[in-house]
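The two complexes that follow have chain A in common; it is paired with chain B in the first and with chain C in the second.
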Partner chain A sequence: MSVILRKTIPSIVIGVLAVWMIVEYFTTVKFFTDIGTIFRNFAVIIAAFAVALGGLSSLRFHTQTIIKRKAGSWEFSAVLVAAIVVMTVTGLMGWLDNPIFSYLWNQVTVPSQQTIYSLLMFYVAAAAYRAMRASNLQAAIFMFTAIVIMLMNGPFTQALIPGITDLGNWILTVPQTGASRAYLIACNIGIVALFIRVILGRETGIIGASKEG
Partner chain B sequence: MPSLFLLEVKNYMALVPGKLFQLGTMIMFFIVILVSLWRSKTNLPKVKIMPPLEAFKEAVGRAAELNRPVIFTPGWGGGNTQSIDADLLAGSVLLTEVVNQTARAGSDLHVLVGNPNTIPILEGAVKTGYIMAGHLDEYSPDIVQFSTPELYSYSAWVAGEMRRLNCGANFMLGQHWMESLIFAEAGLEIGAFQVASSAMASQVPYFLATCDYVFIGPEIYAASAVVSQDKTQLGSLLGQDVLTIIILVLSIVGVVLATAGVTWLTNLMKV
Partner chain C sequence: MAEEKKNWMNSINARQVIFAAVFIVTIVPILFPLNLPLVISKTTIQYYDTVQKLKSGNTVIFVWNQGTAQFGEMGPPGIAQLQQLMDIPGVKVVVISTGAESPGLFESNLWPAIDPKGKEYGKDWVNLGYIPGGETAIAALATDTWSLVKVDWKGTPISQLPVMEGFKSGADIALIVGNQPSSGEEWQRQFQNKFKTPIVWACVSAGYTTALMFVNSGQLSGILNSLRGGAELELLIKKPGRGVSAMDAMSNLHLLVLATIVASNIIYFKNRGGKKK
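And now, the complex of A and B:
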């Protein structure tokens, strides 16, 4: 594939679309807003195809794993392929009105997802335990603020420690908010610089092309 | 169509109310970055290599020594399958470097994806990485694997794959939400060398508590420029610093004026 097809044309398309969407954001000209809507509709359609292609790609990969009887993983692939087939077929036959789809969704998918989410509680506790080591001054300040916020949110601690709520609220509204905003501004400047490079066609990594490639 | 366009311009050409300050700020951003890009042709800024970027080689080398595979996750990306965020773009650029190092070290690589829109970008990045390393024959489309756009299912799959594959290095570069801690804890349990990035303030503490190296905030956007060593990209980093100083000065002036009861700057930002 030539450099023009692989690199130049995608860069031009990305740049033109980006500039168009910026202009559409700032102006009320119907010509720009109408075509901007068309672009967004394209994005929805392309995204739908992307999900379908991703599903097919996953199906192909796991079918091959089953055929090759890859040790330690083909059993999981078999369950995955069976789940994809059953959920697709029953989903097309009535979605949640289909009793099989509805049963599998409510009794398998939803509890499984809730289980994964619940695991976070243990992980957060473990991470907080590791983080609470006053190895230097910054870590000690971090640990102190964490303890204050924990005490502020405790069930009885607000009554037991006078002023803990005020101190906790001050930490949240003054230093925490200030630092968060500084962080957010720095990130957004980085994003703007990245997208200017994209619009100018200098960030070719996003289209899978490099100086070498 | 052109006549319709001209009519529209004549009748309705107007800014959306309340966006004048935003437009001015954006034009200023563009000018500063463009000037810094132009200056970079003659004066290239000196850029410090970030420790997480230097750790790529160490992470991949350690995985190769232990004969364990390398896993890369770009994150769920907020579940917005209709767009790709800046973090995911920056992560995909860094993936090229991870692939380059992995291919040179001769390790297996698995890129586990939860946002189907990113698959073509990541496949392109993987292929480019193999070309850079001179190992295109080792490229396979199966390296980039997609499971589901559902957050919890994606989290369970990646954590399971990490344990099943017993990965030696775990790169989490992109946009990770709640799955950040699930991935990082899974990697920590199996003793993987972990490098992560997050532009989301809420996820940074989790990565700092569990990973060996972390790109904090905007470092991820600068890292792609450092990896490429492209003069123009490096020049834009200077523009970022100039913009940061301008906003810092504007913030201080705003605080002083607001404290003194002068509100014209606040009102200007509301226009």
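And now, the complex of A and C:
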């Protein structure tokens, strides 16, 4: 495939689309809006296919793991493939109105995922024990800040300690907001720089081509 | 015998003690409620007041973007948020999810806990289900809703749903009420920045500090701090539920984490003092 087909044409298409969407965002010209709406709807349709593609890709990968009997993992792949097939079939046959789907959703998916998430609390408490030590000045500041925010967020301690809300709010609205804004603005300047590189055709990674071409 | 007991004690490490303590301080207040006090935060009051300003005929988007894992933390705020909207007469509610798991969770866990207060499906509220595409989909929704969404989650054409008459683009929306782990920057960019649509949001505790930044800048009109914010909203709408009942356990856990930090530092300085000698 020639460089024009592989790199130049996709770069021009991306560049034109990017400029079009920016102009459309900042103006109210109907022509731009109408075409922009079509582009966006294309993107949503492609995203919907990407979800299906992800499922199929996962199914293919794990089916191969089962066929090859990969030691230590094929059993888990078998469970995953069975789950994908059962949930897809029963989901298409009535979704939550299907008793099998409903049972697997309400009795397996929801409680198991919530259990895994809830286990975080045990590890957060254990991590606090190991990490929050005033071993130097920076660690002491970190620990002090964490304690103030915890005292403020704890419903009982907030009610118990006068002034903790003001101190906590000051930490959150002054130093925390300042640092977060600096970080966010820096990230967004980076996005703008990346955007300029894309429309100038200098960022070829997104079309799967290396810099060398 | 004494030797055996000593060996058993030595085999217990700090992590095991902390895990056991977390379990106990969580389970005890659930079985025997302590009714510890709860102060309602300023951001929750801002949230409540913004929603209460809605008038009959206003259309509101309720963004429900939680995965099943977070339902324990974000379910109670979600229930309180939707209930407050249902409590206001004449307000139309459009439920939208941009997360694949969220519509299932809405149907199985969130909606059954809501009292619709006579609000009729299709006329007063609608569930558009899962819309893929992330921020691109949100932008499409804001620009020309009817060109993107053709049917609701049940497959009913939106032209047959009277509630959708009031939602052709972002300009028709009086308020966005969100519930997702992050602070909803994509909704701010596509609705608040373009149409000045007020947005109120509930996010997980880890996202609260980021969301607070957007409250200070005026891009969010109020936020709920995860489960605690949900409990506060339950008190404000006078419907105490799972959020309020979890607050004793939350207070205890905060105290436990503080106690572990204190214990950790005492042991650290004791050991350091010993090494210096």
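Remarks
Basically, the second predicted complex is superposed on the first by the 188 of 213 C-alpha atoms of A that agree within 3 Å, B and C clash if a C-alpha of one lies under 4 Å from a C-alpha of the other, contacts with A are read in each partner's own complex, and residues count from 1 in each chain.
By definition in this document, a contact is a pair of C-beta atoms (placed from the backbone, for glycine too) under 8 Å apart; a residue touches a chain by one contact, two chains touch by 3 or more.
Keep in mind the model is a prediction, meaning the values are calculated, not measured.
Within the superposed three-chain model, A:Val51 lies in touch with chain B and with chain C [touch as defined at top].
Contact with chain C, but none with chain B, is seen for A:Pro155 once the two complexes are overlaid on the shared chain.
When both complexes are overlaid on chain A, the residue A:Asn106 reaches chain C alone and has no touch with chain B. Residue contacts after overlaying the shared chain place A:Ala43 against chain B and chain C alike.
Within the superposed three-chain model, A:Gly72 lies in touch with chain B and out of touch with chain C [touch as defined at top]. Shared-chain residue A:Gly190: touches chain B; no touch with chain C. Look at A:Lys30: by the touch rule set out above, it reaches chain B but stays clear of chain C.
Of the two partner chains placed around the shared chain by superposition, neither chain B nor chain C is touched by A:Ser2.
In the overlay built on the shared chain, the residue A:Leu200 is in contact with chain B alone; chain C does not reach it.
Overlap of the chain B and chain C interfaces on chain A: residues 25, 40, 43-44, 47, 50-51, 109, 113-114, 116-117, 124, 126, 128, 130, 180, 184.
Across the complex, chain A meets chain C through its residues 25, 33, 36-37, 40-41, 43-44, 47-48, 50-51, 95-96, 102, 105-106, 109-110, 113-114, 116-118, 121-122, 124-126, 128-130, 132-135, 143, 146-147, 150-151, 153-160, 165, 169, 172-173, 176-177, 180-181, 184.
Touching chain B in their complex are the following residues of chain A: 22, 25-31, 40, 43-44, 46-47, 50-51, 53-55, 57-58, 61, 64, 72-73, 76, 80, 109, 112-114, 116-117, 119-120, 123-124, 126-128, 130-131, 180, 183-187, 189-198, 200, 202-203, 205-213. Across the complex, chain C meets chain A through its residues 14-15, 18-19, 21-23, 26, 36-39, 42, 67-73, 100, 104-105, 107-109, 131-134, 136-137, 139-140, 143-144, 147-148, 194, 205, 209-210, 212-213, 216, 225, 228, 231, 247, 250-258, 260-261, 263-265, 268. Only residues 4-5, 8-9, 12-16, 19, 22-23, 26, 29-30, 33-34, 37, 81-83, 86, 89-90, 92-93, 96, 113, 116-117, 119-121, 123-125, 127-128, 131-132, 141-142, 145-150, 152-153, 155-156, 160, 164, 178, 181-182, 184-185, 199, 201, 205-206, 208-210, 217-218, 220-222, 224-225, 228, 230, 232-233, 236-237, 239-240, 243-244, 247 of chain B touch chain A when the two sit together in their complex.
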